[in-house]
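Two complexes follow with chain A in common, the first pairing it with chain B and the second with chain C.
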Partner chain A sequence: MKETPLSNCERDFLLRAIEEKKRLDGRQTYDYRKLKITFGTDYGCCFVDLGQTRVMAQVSCELVAPKENRPTEGILFFNIELSPMASPSFEQGRQSELSVKLNRQLERCLRNSKCIDTESLCVVSGEKVWQVRVDVHTLNNDGNLMDAASVAAITALCHFRRPDVAIQGEEVTVFSPEERDPIPLSVYHMPISVSFAFFQQGTFLLVDPCEREERVMDGLLMIAMNKHREICSIQSSGGIMLLKDQVMRCSKIASVKVSEITELISQALLNDKAARKAGGKCGFAESMPQDRITALKMDQTDVEMTNVSQTGSGVILQGDEAPPPTVPSPVVPVPGVGQVGQGLQSWGLEEEEEDDDDEEEESSGDDQVEEVTQIKLSEKDKKEAAVVEISDSEEEEVVILYPETTEKSKNSGSRSDQKGAAASKKRQKK
Partner chain B sequence: VSFLRRSKFEEGGMMEVSASNNVSLREFGCEQNLLSRPDGSASFVQGDTSVMAGVYGPAEVKVSKEIYDRATLEVLLQPKVGPAGVREQSQEQCVRETCEAALLLSLHPRSSLTLILQVLHDDGSLLSCCLNAACMALMDAGLSMSCLFCGVTCAIGADGDIIADPTAAQEKESRALMTFAIDSTERRVMMSSTKGSFSVQELQECVAVSQKASEKVFQFYRDSVRRRYSKNL
Partner chain C sequence: LASGMFSSLKEKIGEVLLPGDEFVFESEDTIFLTDNVKPERPVCGPGLRQSGNRLVVSKSGVLRHKPPHTFWMDSQQWRYVPAKAETVIGIVTSKSGDIFKVDVGGSEQASLSYLAFEGATKRNRPNVQVGDLVFAQFTVANKDMEPELVCIDGSGRANGMGVFGGGGLLLKVSLGLVRRLLAPQSDIRSDLEQLFPCELVVGMNGRIWVRASTIQQTLIISNLLQSCDTLTAPQRREQFRKLQKGGL
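Moving on to the complex of A and B:
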């Protein structure tokens, strides 16, 4: 589905408003939207709401062989999934330019800044290391996906616990969470990305652009920074020329924003830790708002179970009353005959008839010669019939590949049957 | 032979009656219209299992997917970790066929409907949660349907008792697992997906349990819609 294009008057309106230092949602130039961090039921699951923008991050880990050039380092893997849920223009399973850009920026922000101690993820040097995988799912795109994704990813990494392992000689034991408490990752610092949108060739600047603002902006500057005011990555895109003091001003703003967000993240992590310690339930189900008119919750309910087994048997009995599906018994004219596939249509013989035939055969001795010719005739028929009959089953190959042997065996096996068949032929003639 | 079969059933039936008095659904909740971009959205929670659903459409359709007399419905299921695999595809198909049966697709010829389901947490009964979330999202999107539907998962434990809405641990221990989509008008089975081995009697009992449980879910649908269109909380 294509994105609805922005109309010219909408574009002009937005730009005019920005020139007048006004934003659609009433924010000031340097204001961030409301940031909300919640956690899922399991470790390493984090939801971030940045205004209407919503992302979810899930961290998982598995034991893998390390990279050859770094035998003592664990592997960090990042993946931002631009789900079509977030925006109709995102397509499933296609690496768009935006997704490559976001993935690359997240990698630079979190992996290349060495914020996670990868050496502590090594289990057996050169053989087994932990691969930590961060999946970021976008749920709703209302602009500034990068900042939301970076907050979600680093918070999920801080929240994540990996299983404990013990090494005895060659043997590696992985303990389940019940046996031994899982271990958190060692996080050195928390880089957080802050985005700045530029308008009118860099004349105007906005922090945390929303979706509409992103669509009219000229350029974007993303600065990833930690609370020690260390820049982890900086990227300018959109092809605008920025002056040195503009970049300096942005980094100053970023340092303020980052310290605020870091504070919020640590508070959220502390709250979650306390909630988990208290043994209360936590997770998405608990964080669902109760006071909204669009939300409703229902407690555990019992299902009335009387009559269930009676109903069940009733249905079956009803089914039994109906005449059982008749499975026609396969016609085997005489024992020792091999038939393939649907036996019924093959020969056109009826069982009763056959019985008669047998009797008749015994009684009729005078027209032997006639019968012999009949046998030959029917044999021909049979060969044709056999080929046609078998043609759609797997045995076909056998018939084609070794026609002589099969025919022989067929003939020897079905000789007595052919008599019967012949007799029936004769009877039909009569 | 038929006598033998019947008596066996009766034995089984007796066992069920004694064991199945404790059938209950976990607490469930729903929030509609929680995302700003999609035309309809909902999140459905059953115990700890939660699924978010978003619907886009009716909208422009790709020419290759266009159907001249009805809308093309596409269902995508996003797992929590890693890319979608065969398991997700089979579940997508289950949901799609149920939705296609319920939706009045001929009202929107040559257009596309996209339903995206995002797993937020899997603690058993995932497919039924997906179905419920899908129905709520379709309702939120205001699409015309001939009936509503809900999903109920039943597990048959090792000792033959039926557990409705099982958790992941219960699913693991169970001998058979069945998910039914039930329609709201006649309580008929719209879709069934089964795993494991079970007798005809057990299947029919699970259908009966699901039909009973669906009453509760449909009552919940009704309550949540009533709440949504009420003037106060």
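Moving on to the complex of A and C:
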């Protein structure tokens, strides 16, 4: 199926907006879209969301004979699948120009930079080595597939664990994960690709172009870099002439972006590790955002309010602890999830909203439980608050009359302390 | 009589229904000899299907009603299926002979004759380029035939249709949002009117063209419209208020 053509008015508008340093989603020139990394249940499965762009990487391995000229090195294999799911213009099972380009770039970015120790993948020299295969599937295309694919691939490689092997004479035993813990790959560094789109013969530059920006751009520069500021690959396409200054500027921007993204990846990996260790639920299904279409939302049903005071005081008597604090942000973080970049809330308004990345990244296992029980808790909250107020007023009277009554024991912890204080103040006044 | 069914249908107006929900006609036990009035049957819009004496919901959404007997499902959908007499925004993809091929977002491209513009004759061809936007109406929209568009109404007047689109931005939203925008008393539209002056062209195929006085304002409107899909009415009003306070 043909993709929707880009109309002249969109093209003109985009170019004019870029001249005014405005972008469609309200980002600044050097801003990335929101980057989100989640993991599947298995080791080596990673989903990356870059705004609306979404890719999945899955790493797998098998024992094969090595290449003849490299008998002691494992084999790395990369494959990018452009499925029609991502965009109707992608065709199944056909090598398009784009897929070849992306594949080649990914190989240059990850294999040629020697970021994975291939020698450690050797089992029996000249006979058996591990072949590690990275499959990157595009799930949705909203531009900048390359960056999303490179982040997904390197994160999946870092997350992957290969089975342990033992060699006894000629015999090679592969242990299942139950017998022996699988072994992570040794990753020397993390090359991450950063894309720059050029407009008007290189006059204007945008980081992380979205799909419509990609369609009107003149040229593209992809720089793969690691956090030590070593350039792993650099590729310019679209046939524009770039000045030395421009390339230098791009590499400077790339180094900043790469360090941010590397930080995010390691944070996400840590979160996932913690979540797995804690034995909590992790994986794809847990990380799914619960997007709800609220356009046709119905009004909420009224809550039954009879007997609230009785049940509320019952609740207070039973549970003596205050409910755990709920997360203020509407996005409830999940283990193994990290986010960075500007959200879409700013829309190019003058006020710049800083994303509370840190808050979201520092998610722990019990946040999840909270997510489930949040609604319940807030309900309970309401009831409790109402009831406490009532008993408050009652109690004050009581306190004034009989300062040592047992009524106090009804409320425990900080609450009663406060009241005690209040009561004593009152007594002083009198 | 079908009155039983109408009452059960009317009970459910404004409620969420799911595919497979069913309404059954009560079979006629009594035959009226005196008045031979035809039994009234409901008119089914999108998302409702009638078979025999059953009425089955085939799309999840909210049941809507228009007096006297029209019922349909209001649902969220992105895929456009051309329907006769609907006005849409199309993108001209090619010029071949005397017809233009126009992409309307449906399964097939629609054709638009160069004579179907106001004042166009064989000599006086309209100035349409590939990539231009046209606001046009379907005269033929059939599942087995290529859809056909025209840019004139029955009396040969343009009536707002034709080539347009200088300086604005085209965006795609869900079909439900488009219908809500085009409703006679649209609350989104009235909220928008209070912000700042802008031009909107809304096609039934989910495409909206926006133009405001500056690029910034155009971008704001387009982002607002795109977010309207996932906002409830109070949330939306909150957004709009925030924007007004922002003092643009």
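One rule holds in what follows: the second predicted complex is superposed on the first by the 289 of 430 C-alpha atoms of A that agree within 3 Å, B and C clash if a C-alpha of one lies under 4 Å from a C-alpha of the other, contacts with A are read in each partner's own complex, and residues count from 1 in each chain.
By definition in this document, contacts are C-beta pairs under 8 Å (C-beta built on N, C-alpha and C of every residue); 3 or more make two chains touch, one makes a residue touch a chain.
Just so we're clear, the structure is a prediction, and the values are computed from it rather than from any experiment.
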| item | value |
| --- | --- |
| Touched partner set for A:T311, first chain B, second chain C, both or neither | first |
| First, second, both or neither for A:D42, with chain B first and chain C second | first |
| Partner chain(s) touched by A:S7 [first = chain B, second = chain C, both, neither] | second |
| Touching partner for A:V256 - first (chain B), second (chain C), both, neither | neither |
| Between chain B and chain C, more extensive residue contact with chain A | B |
| First, second, both or neither for A:A166, with chain B first and chain C second | neither |
| Touched partner set for A:V100, first chain B, second chain C, both or neither | neither |
| Touched partner set for A:A86, first chain B, second chain C, both or neither | first |
| Set of chain A residues, in rising order, touched by both chain B and chain C | 291-298 |
| Chain C-facing residues of chain A, complex | 4-13, 16-17, 20, 22, 24-26, 291-298, 344, 347-351 |
| Chain A - residues contacting chain B, complex | 1-2, 40-42, 45, 52, 54, 56, 58, 60, 81, 83-88, 92-93, 133, 135, 137, 139-142, 283-285, 288-289, 291-305, 307-313, 315-316, 319-320 |
| Parts of chain C lying in touch with chain A, wherever the complex brings them together | 14-16, 61-62, 74-76, 91, 93, 103, 105, 129, 131-133, 165-170, 174, 176-177, 180, 209, 215-216, 218-220, 222-224, 228-232, 235, 243, 246, 248 |
| Complex contact set, residues of chain B against chain A | 2, 9-10, 13, 16-17, 20-38, 41, 43, 45, 47-48, 50, 52, 54, 56-57, 59-60, 76, 78, 80-83, 112, 114, 116, 118, 120-121, 123, 162, 164, 200-202, 204-205, 207-209, 212-213, 216, 220, 223-224, 227-228, 230, 233 |
